[in-house]
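Consider the two complexes below, in which subunit A is the common component and subunit B and subunit C are the respective partners.
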Partner chain A sequence: MELATQIITYGVLMGFVFAFIALGLSLIFGVMNIVNFAHGEFLMVGMYVALLTSTYLPLDPLVSLPIAAAIGFVLGVFSYRFLITHILRGPMVAQLFGTFGLMLFLRYLVMFIFGPDVRTLSHGVLVGKNISLGWISLDASKVMAAGLCLLLFAFVYWMIYRTKLGRALRATSLDAEAARYMGIDTERMNGFAWGIGGATVGIAGGLLAHFYYITPTIGMLFVLIAFATVALGGFGSISGAFLAGIIVGLIQGVGGHYLSELKFTFIYIAYFLTVVFRPRGLFGW
Partner chain B sequence: MRRVLRDIFSFGDRPFFERIVLLVFVVVVLIFPWFVESAYARAVMIKFLLFALFALGWNLIGGYGGQVDLGQAKNVGFGAYATALMMLHWRTPFWLTVPVGMFFATAESFAVAYPMFRLRGHYFAIATLCVALAWKELFVFWDWTGGARGVEIPIRPTPNFTYMQFGEVGYHYFIFGLFMAQFLFMNWFRKAKLGYELQAVRDNEDAAASLGINVTGTKVKAYCITAALGAIGGSFMTVYYLYIDPEMVMPLDLSILIAMTVMVGGAGSIWGPMIGAAALIPLDMYLGAWLAGGGYYGIDFIIYGFIIMIIAAYEPKGVWGIIERIIKGR
Partner chain C sequence: MRSKWLMTWIICLTLAVAMGSPATAAAEEVKIGFILPLSGALAPTGKALREGAELAADIINNKYPDLGISIAQWEGIPNLGGAKIKLVFADSRGEPAWGADQAKRLIRDEKVIGVSGCYQSSVTKTASVEAERAGLPFINPDSTSPALSKRGFKWFWRVTPHETWFTADLFNFLDGLTQGKAPGVKAIPKAKLKKLAVAAENTEWGAAALKTIEEFAAQRGYEIVEAFKYPHKAADLTSEARRLMASGADVYLFAPYLADAILFIKTLKELGAAPTLVWGQDAGFVEPDFAKTLGAAANGILTRDLFSPQLADVIAVSGQINTIYRSRAGYDFHGSSARNFVGIQVWAHVLNEAKSTDPKAIAEALNKLHIPSKELIMPWKGVKFGEPFPGDTQQNELGSGVINQLQGFPGGKYQVIYPFEFATADLIYPFPGWK
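Coming up: the complex of A and B.
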């Protein structure tokens, strides 16, 4: 019973993180119908920011989260400005490969600079600490990551649905041409979506670095989980991404407990089954 | 029959020019082992032909079909594992294992094709990726296939045609034979009925459907043929390297490299795959190996990534697109 509670709690906690990672991907897809393969690489960059600031600067990895967010934002806007604007004009194949090229470029640039070694975060306020909630004991950094992801998810949700900026973003995603006629600078909205995508996933990377190993090739794993999450929830649907994130977290947690070698296979199979029975995702329109 | 023969050896707008190019290519590859002694250069040549073979196969679905399939490595893996496991467990001759590998790749593709082709574009690409990765993890996990340790083929002491084991030069001509067979097959295919239907579906699905083409059926057929072609190269990999594991024959990187070769060379043209392989494989084998020797990991992939970004942004038709523009004088 205790074990079951622990597995499910961890599943839900990881689910919040997965949902937050998927958020940016879903947003970018919703606004301009493009799948960002480099999303996981942005996450990896966030992880390295946490690692480097805590190794070379006297900063706690938690304090460096805003730095990770800023770098992610700049990375996102730059990618949009210098790559995506060009490939948006081309055929779909070129769009796919364009972000794919960006993924390879970022991944191996980091590998070139910092080496291919697998590293872990060694010090930080929360690293390796446990908190006990009555009957179960949880990894403090995971609780922190899940809590912050949940909070920030709510913030982005609020921004998209309650502010003027968010309304402009949604207008662009519904009909870019009409939005342009209404005086919305859609180019800027596109760039903004990329910036938000980069910033959110950069923060997620900084949080994941607390309890996950760090290597230049880690991005692929998380981008696939994010794809599965977004597809499960329905591309472009933000509340869908949230629920799908929790489902994916539970699949990974429960499956991983019984057959740890296949924990990601379960996610791929879940994605495939969703595609078979509901190509638009659980909450897609 | 005569029609088929004519289609196999005829080329597009510039038949004379293209036949000359093909002839030169064939002669150069045939005499290559006489002039080049270096074992490394010969290995580069074999890898070039192998990837040109993979790229030709992928060009069917990715170039002529316009469907971005990022899971070709699973078909390579099926071919490789069919050959390796049958040779290891039942001592089956090589030539019997190839059709088995092709059969499994085709059957699996057929099984997943219908649900996958309910998707288009990006969704389809991600679905192929997920299916291929699920298979790879299954092979890592499965004991009978050797798991992550892989499969080793027992080495025969003498050159042996039943199990296709001989020296480097033998493999050179072997892979060249496979490559030429596939090249001529593709040259026929693009002018066959299914080839035209496939290109019509790529260019405009709705228009193709209105002309009575079964859109999904055409895509599924193309997907299955591509799978079978990928498996042939996988079988070759087994007998050439004499050792396979999932990380080697089924990784995502292989799927990507195959698709990238076609993209760089020029998707949807008969020469594209060859040009792409000629550009990328020597780059990887010489520049990448040289830099990795100096401790600089990953520079080759940085360059790959950069090339792909440039090509995607400015020249989606690849190197062949540039050549075509020069020839047409525009």
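Coming up: the complex of A and C.
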């Protein structure tokens, strides 16, 4: 019973993290119908921001989160302004290869600067600490990461559904041309979607760095899970990404315990079944 | 006038002879293809292996008079007119299909005389098929899946001992603990070491390691209370770590690559696991980043290996060459990078014996090759290809493994514990734990 509780708890905690990683990907796709293959590399940049902040500045890696968010936002907006606006003029395949190229560029730029070495955070208020709840023991950094992901997810949800800016973003997402007629600066909204996407996944990277290893190639692993999460939840759906994140977290937690070898297979089976039987995902439009 | 003509002819003749002589051949290069995982999750490993191979090529091609092994005095391959070894590296990306493509490219476009690599057994398996098809020698320095040398290939030679040896070493070590042979530790009752839990990554290498451990455990009277395979590119290993802890095993055995090894140990530490012994099947546990990244959390971890810098105490040349390696790479040799050094050394010896770059001559020389122990940086009896275990073909039968323990953090070192007669420190027992 204790073991089952612990496995499910960890599954849900990791689910919150997966959902937050998938949020930006879903948002960008929802607004622009573009799949950002470089999303995982944005996450990797966030991890390196946490590493550099805690290594070279006398600061706790938690302090890196706003820095990672700011860098992620700028990276997203720059990617949109200097890459996406150009490749949008080309065919669909150019859009695919454009973000794929951005992925390779960021990955190998970081590898060039920092080398391929695997690193981890060596200190931090929560690094390596446990929280004991009587019958179960939880890794403090995972609990904190999941809690913050949940909180920030709720904040982004509120911003999109309850603010004027969010309404403009959703209007652009539903019908960009009509939104333009209504006076919405859709270019700005597109850039904003990329910025939010970059900022959220940058924070997710900063949080992951607390308990995960850091290497320039780490993005691919998480972006594949994020694709499965977004497809499961429905492309462009924020609430879908949330629910799918928890499902993916539980699948890999429970699968990891009983049939570890196949845990990713279970995730991709869920993805495959969704694509076959409900192509728009759980909540997609 | 006649004497002038005669002089001219003599000069021309001398030049012509000189151009055809071995001295001119010295300018030639012998190209050997080398496939390694130079990008992706295994890039740090690939980098260390490449540095090991490059150092061997450098020692073969240039004179190192202070080193007491023959290749250091050669300045090229003597019987090929001093021809230099040129390594042509290709990136496998850690993917079997891509590795095979690289082998084809090296053979077809780079015109290499043979191929080496590829670290991962799964990549070596596919890449060596291409060499077999092309009829070129494939010398594998470091892949340890036993199946590789049981395929009956004519063009595949393996220098490293395979998992069967290493697993035998593990159980000899455990038996030795119960017999009081370990340095600094009294005999441990078998009941305290009997229950084993095994976590192996799910490529061919990990699967083979798991299977061999299960076979040996059954033969030697140990009980496997938990055993599973897991994907080494895992986003989280908490469930797997909990599974090990829930098994109640005394000894945790791992067959991981680097990133998952780090993640496993970090997770077990966070969960406060307390096994009696932790042993890793080489690979991730011996990468420089493993101890560097985990620091004191790695104290007391045992790993099967083939090398330790501490071997300098018993093999002088091993210490000398490791010093050069460290000055260039920034870290010590580990079992895999040291074996890649030996892999290139084997190429040099065999080319010298074959006196030709013709594939058939090289194959013949490989089957007759005997490199004595004194030529090697490893604690081996030498290199000689034969059939050490039933079904093996063209497998080095003089290799062996060691079991090291990480000790003395900060600045932890791999101390040799097994073979007990080569121990460089007392065993830390029981494992200090992470509580």
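Quick note on the criterion: the second predicted complex is superposed on the first by the 283 of 285 C-alpha atoms of A that agree within 3 Å, B and C clash if a C-alpha of one lies under 4 Å from a C-alpha of the other, contacts with A are read in each partner's own complex, and residues count from 1 in each chain.
The rule is simple: a residue touches a chain if its C-beta (ideal position, glycine included) is under 8 Å from a C-beta of that chain, and two chains touch if they have at least 3 such contacts.
It should be emphasised that the depicted structure is a prediction, and the values quoted were computed from it without experimental measurement.
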item: Combined model on subunit A: subunit C and subunit B, fit or clash; value: clash
item: Partner chain in contact with A:90 - subunit B first, subunit C second, else both or neither; value: first
item: Which of subunit B and subunit C A:261 touches, first, second, both or neither; value: both
item: Partner chain(s) touched by A:253 [first = subunit B, second = subunit C, both, neither]; value: second
item: Per-residue contact with subunit A, leading partner among subunit C and subunit B; value: B
item: Partner chain in contact with A:35 - subunit B first, subunit C second, else both or neither; value: first
item: Partner chain(s) touched by A:111 [first = subunit B, second = subunit C, both, neither]; value: both
item: Partner chain(s) touched by A:235 [first = subunit B, second = subunit C, both, neither]; value: first
item: Touched partner set for A:211, first subunit B, second subunit C, both or neither; value: second
item: Contact residues of subunit A, present in both the subunit B and the subunit C interface; value: 111, 115-116, 261, 264
item: Contact set on subunit B toward subunit A in their complex; value: 62, 66, 68, 112, 115-116, 118-119, 121-123, 125-127, 129-131, 133-134, 137-138, 140-141, 252, 256, 259-260, 263, 267, 296-299, 301-302, 304-309, 311-314, 316
item: Contact set on subunit A toward subunit C in their complex; value: 3, 6-7, 10-11, 14, 18, 111, 115-120, 122, 128, 130, 137, 139, 142, 211-213, 215, 217, 221-222, 225, 252-257, 260-261, 263-264
item: Of all residues in subunit C, those that touch subunit A in their complex; value: 39-41, 43-44, 46-47, 202, 228-231, 233-240, 242-243, 246, 258-259, 262-263, 266-267, 269-272, 289, 293-295
item: Subunit B-facing residues of subunit A, complex; value: 29, 33-35, 83, 86-87, 90-98, 100-109, 111-112, 115-116, 216, 220, 224, 227-228, 231, 235, 259, 261-262, 264-265, 268-269, 271-272, 275-276, 279
